[in-house]
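The structure appears right after this line, and notes come after that.
By written order: A, B and C. Residues from 1 in each chain.
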């Protein structure tokens, strides 16, 4: 454990400055060799995503080659799913034994998210300076020097500038609201002068052309530019604090959805994220099948130079570039009558029969392609056998697949490893075929949902699938197949949710009717906005949005409370003045869109938590703690208790604490209540109306009212006496 | 020799990633790497030359494969192979001369005497010579030693004296290595001074009040023009900017800084300006054996414009750029297609490349080199002087051995 | 360089001396039907058809009806000479021409090789006891060979090459006459192998120039060019070939047949369609009967025309030729060659008043050639002249 800097703010400034000035820290990188999602299923059930061939070279090679050429000296490859395969590959391909480029693998079997991975790496305590955070499916040729220099410069001026995100301009398709990489439209607000990232929202909700910005957000940032034509390259230059932030916020899972957004809404800590835009260089992450297709094309079109097939030759098979973007490896035997169209890659030792037509495709090593085959826009991996007369259209065909003669693959088909398609069988569009059965329905649902929700998901699914893969039961092969005569494999059921959207992320081009449909709806939308309001059509600004769905609401509550608690703890530990504490909580309140009552509850909760956490031997001790805390931070609390509703909120909160998080308080309930009353934190009206509220509740809820009955009685008596 | 291997690997890596730019730098580094290969190579008692050649070949093959487009690598590898052969031969003939014979050899006679028969020594010398020459009509009928001839040569040289003095061999081996390294050092020296040697000739070619046109940027051209300027010639220079990398801008800046009257024009204005130009002077990426030039993209157009207006088209090239290969399909195989981002901004055009939604299929081609056929070149100026394109093969025959043309195994000729 | 200096002038004198008393007497007894040696043209065959052409026709197995008729007529007049001499008259004095003709019959053997073999036979049967005597004998034999068919360039070139070798190497390096003699014979025997090998070398050298998807225009039938294309097909290169018809002996038809057997896509074009098809063509490949000192080539009629068309359309013209075809000739124009005549069948009777151009070859100047593939390597035309000058200067 990184003992020296456990508390978020502690010694971080001194650490970086020292290392910057005194020792030259080699540039480090963390490469996540796991995407932590299921978008590449069913292929990723058998092979890790980073080893999938991208233009005949496993993806991770692009990332590692880039890291090496960008001057990174020390890479930690975090392997999770199929970690063994990844490590074996790295060893075999010689990456682990480079002279000036050290690659270290970190293996984990229970990480389910990028957050977990980073927490684990933090525990290992291997990162000593600024580092590049990247996932193993990123293709880039950018130069890091400028971005790195900017990052360091900012860091020197402002120790809160913890991260620089690399972005690139890339227009999105206005009709279907997705980028050419198949990712959702991304909205970013950037301060044009400082390049600070102020707002980051991936729009998954496609129904409305509406975007919500907070009023105060606009007020706080006098100049900001809103972009929806930027693409997030998923290359981040991070300061070491990022790791500790992940550790501090144990519920951060997703790099963007949680971490980036978390930092952006967090006004207390003041951490800032900046962007670095690249223009002439290339960077893209392969997130789904659509981006697999797009990035492959970009590579063939040489945007990623020098990471192109004829320059980057792994192994000893040189590839030559011929006219019109035809890449050919050696020892290809091609019939004289075969027609190979432009922008095609042919792998080593591939055989192509008579009258076969191949265009816009990538063919791997040692494939046997028969006669009269038509292949268009396909990605065919190694050792695939395609018999005579097959038609393949925009499909991905994994290693050692066999297509019997006359088989047809409709657009968007994915054939996983070793599948056999029977003769004359037509595989329907967008279907996934694998030797493995589809993971059980609820599992897969959960997993898919995970992509959109914040709830923590276990990786059991992945694990069990992995085991499945190793023991492919013989029975399956002999079973009567869904894939025609002699076919082997299962066609996966489509999930209801993605059914109509499957064209978005598939390798196949988007059908024209979908686009025209989308165009039409877009036009309708435009008309609507024109009619209905004077607001610009591009993005309607509605202040104070509160309509996010339930999930989000919950998470925000959680988040807010945790933040307040952390702030409070810091205040206690660092002896921050009450005024400052109040300020910070106030800003948190603003950023999270909370009422004063929420603040009161949260602060109170934080205090109680602190009291409980402070060592005590008995109930008396605990009482002493409570008294100490309350008396010390009374001002902080009372500043939120201006009216009776807020005081009631506190009592309710206290009730909740006693019931749930700290049962130790239960016996002390009335005592503490009394203490608060005597300390003028709570007025008697509040207590009485609380009792009033609870009168109609059922008995279970009345436990604490009953406990406080003495006090209430006494108050009532006192009141009467007063009168 | 792990350290040499590391050195080689490092260099291979740099070549692969296109980290080294410019043929001069590449040539120099190649020579340096090979020098350390030679100095680390353990020489056996017999066939020293063969051992060195094999070592250099093995490394050379890797280097060439790392960046087949950078011809300077192959050139240097071949030249060093040639140097080894030559040094070995001169040692052999020296030994022969030392045997007290009056064979037509011209070297030092510091070796010991022997009583070998005259004729066999002459035969050995002749055979040795024939290995250095390219195959020719003369050797067609002769009993040509096969292409692995050098081991044969040195061993036959060794045989002739071997029985009597085996002590001598060690010293000869050391001497061979020493000589080779000396020669390689000279080569490195030559490569680094080629600018000056070419620039020295500037005064003969550039005359008062002439107008010179060049395209892109070349250090050789810069030095050449500046040398003429220093000799108090006054002339004007038109610099075509050399899209897409616009290195002409840099050249113009440098020239102007040195007080030359410089005008920058667009590449497309070359034809319009060429009638006012007295001479076109450009640099090259490589010069092929037939006198064709692999040059920065755009130069073929300039050469055609120059030919149209009968303007001399002069190519400056250091001798490390002379390549013993013939261009076959030069537009494709000897070209490097670089990233299209040098031409267009990706972001601006990204919607035209969204093939998925069928929005368009914009293709961009960005070749680095042009092939200028020999008939468009008026004159080559190398560090050894000016040459006609049809004479280039001769220079090449001086610098390279025919056996090394293909660094990988070559089919044997002769019996 | 020592071999360049002395002997050339000497050679010339010997040459002149040897030439004068030659043809009708001494060492090589005249071929059976020899009578009118003054003409310098052999008379054992139809004077309208050059021996060169006969060989070609025989080797390339293209027989026109016209030629057949004439050949039969010729056969009726004089029996086929070499056969008759070698078999029927064993005790007849040795004739270098007979031996040559014998070798010449072998379909795969080049003419130059036959010439060298014939000269080797001269050495073998020679009674000479000194190098000088042997050289004189050889000179005479080679001169008579050359005189026998002045139209064959490779015959001349082969003789010259061997003579050059004899005068240069033998005398200097071997003081022992007998060992020199046996060495010469051995080398001459090996020469056939060399010529066979050189085709392989040429084929290998030219492989790099044949890129996938290219279209190659070839003219006539050349063994070397065929070897090149065969190897390319074996190497799984993807290319297509346009064969000219090669009128009048239609050698192109044979080439297209052979290529079709190798599964190479091939298209026949008539000779006059060369310009029409040239824009589809990526390169022109031709063989050569002889490569001359200027670096130009002498080849089957029509080559010049194709080279002109190719040059005007900026297509490369590649020549595949073995180095023993390098000849000491410097033709200044087309008429500067000994014409090799051939019969032409127009299908209809031609009035006697109409003159017919019957030359079988033309001369292509070097500026229309891009590169020559020879067993000495890939050469530009100017290198060829350099080689020739080096050898014979």
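Here is the rule we go by: a contact is a pair of C-beta atoms (placed from the backbone, for glycine too) under 8 Å apart; a residue touches a chain by one contact, two chains touch by 3 or more.
Composition by chain, UniProt nomenclature: A = Translation initiation factor eIF2B subunit epsilon; B = Translation initiation factor eIF2B subunit beta; C = Translation initiation factor eIF2B subunit alpha.
On a predicted model such as this, the values are computed, not experimentally measured, just so you know.
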**Message:** Report the chain ID whose CA centroid sits closest to the centroid of the full protein CA set.
**Reply:** B
**Request:** Return the chain pair with more inter-chain C-beta contacts, choosing between A-B and A-C.
**Result:** A-B
**Fill in**
Expressed in whole Å, how far the mean CA point of chain B lies from that of chain C is 37
**Distance between chain centroids, defined by C-alpha means - chain A, chain B (Å)** = 53
**Prompt:** How big is the gap, in whole Å, between where the Cα atoms of chain A centre and where those of chain C centre?
**Reply:** 77
**Prompt:** What parts of chain B, by residue number, touch at least two of the other chains?
**Reply:** 332-333
**Asked** Considering chain C alone, which of its residues make contact with at least two other chains?
**Response** 211
**Request:** Can you tell me which residues of chain A touch two or more of the remaining chains?
**Result:** 322-323
**Message:** Can you tell me which positions in chain B touch chain C when the two form their complex?
**Reply:** 104, 119, 122-123, 126, 134-138, 140-143, 289-291, 326, 328-329, 332-333, 374, 390-391, 393-394, 402, 405, 411, 413-415
**Item:** Footprint of chain A on chain B - complex, ascending
**Value:** 6, 9-10, 16-19, 65, 68, 332-333, 337-342, 345-348, 350-351, 353-359, 363-364, 366
**Fill in**
So, in the complex, the side of chain A touching chain C is made of residues 322-323, 328, 332-334, 336-337
**Request:** Provide the residue numbers of chain C that touch chain B in the complex, in ascending order.
**Result:** 2-3, 161-162, 164-165, 168-169, 173-175, 187, 190-191, 193-194, 197, 200-201, 204, 208-209, 211, 323-324, 326, 370-371, 375-380, 382-383, 386-388, 390-391
**Prompt:** Which chain C residues qualify as touching chain A in the complex?
**Reply:** 211-213, 236, 238, 240, 263-265
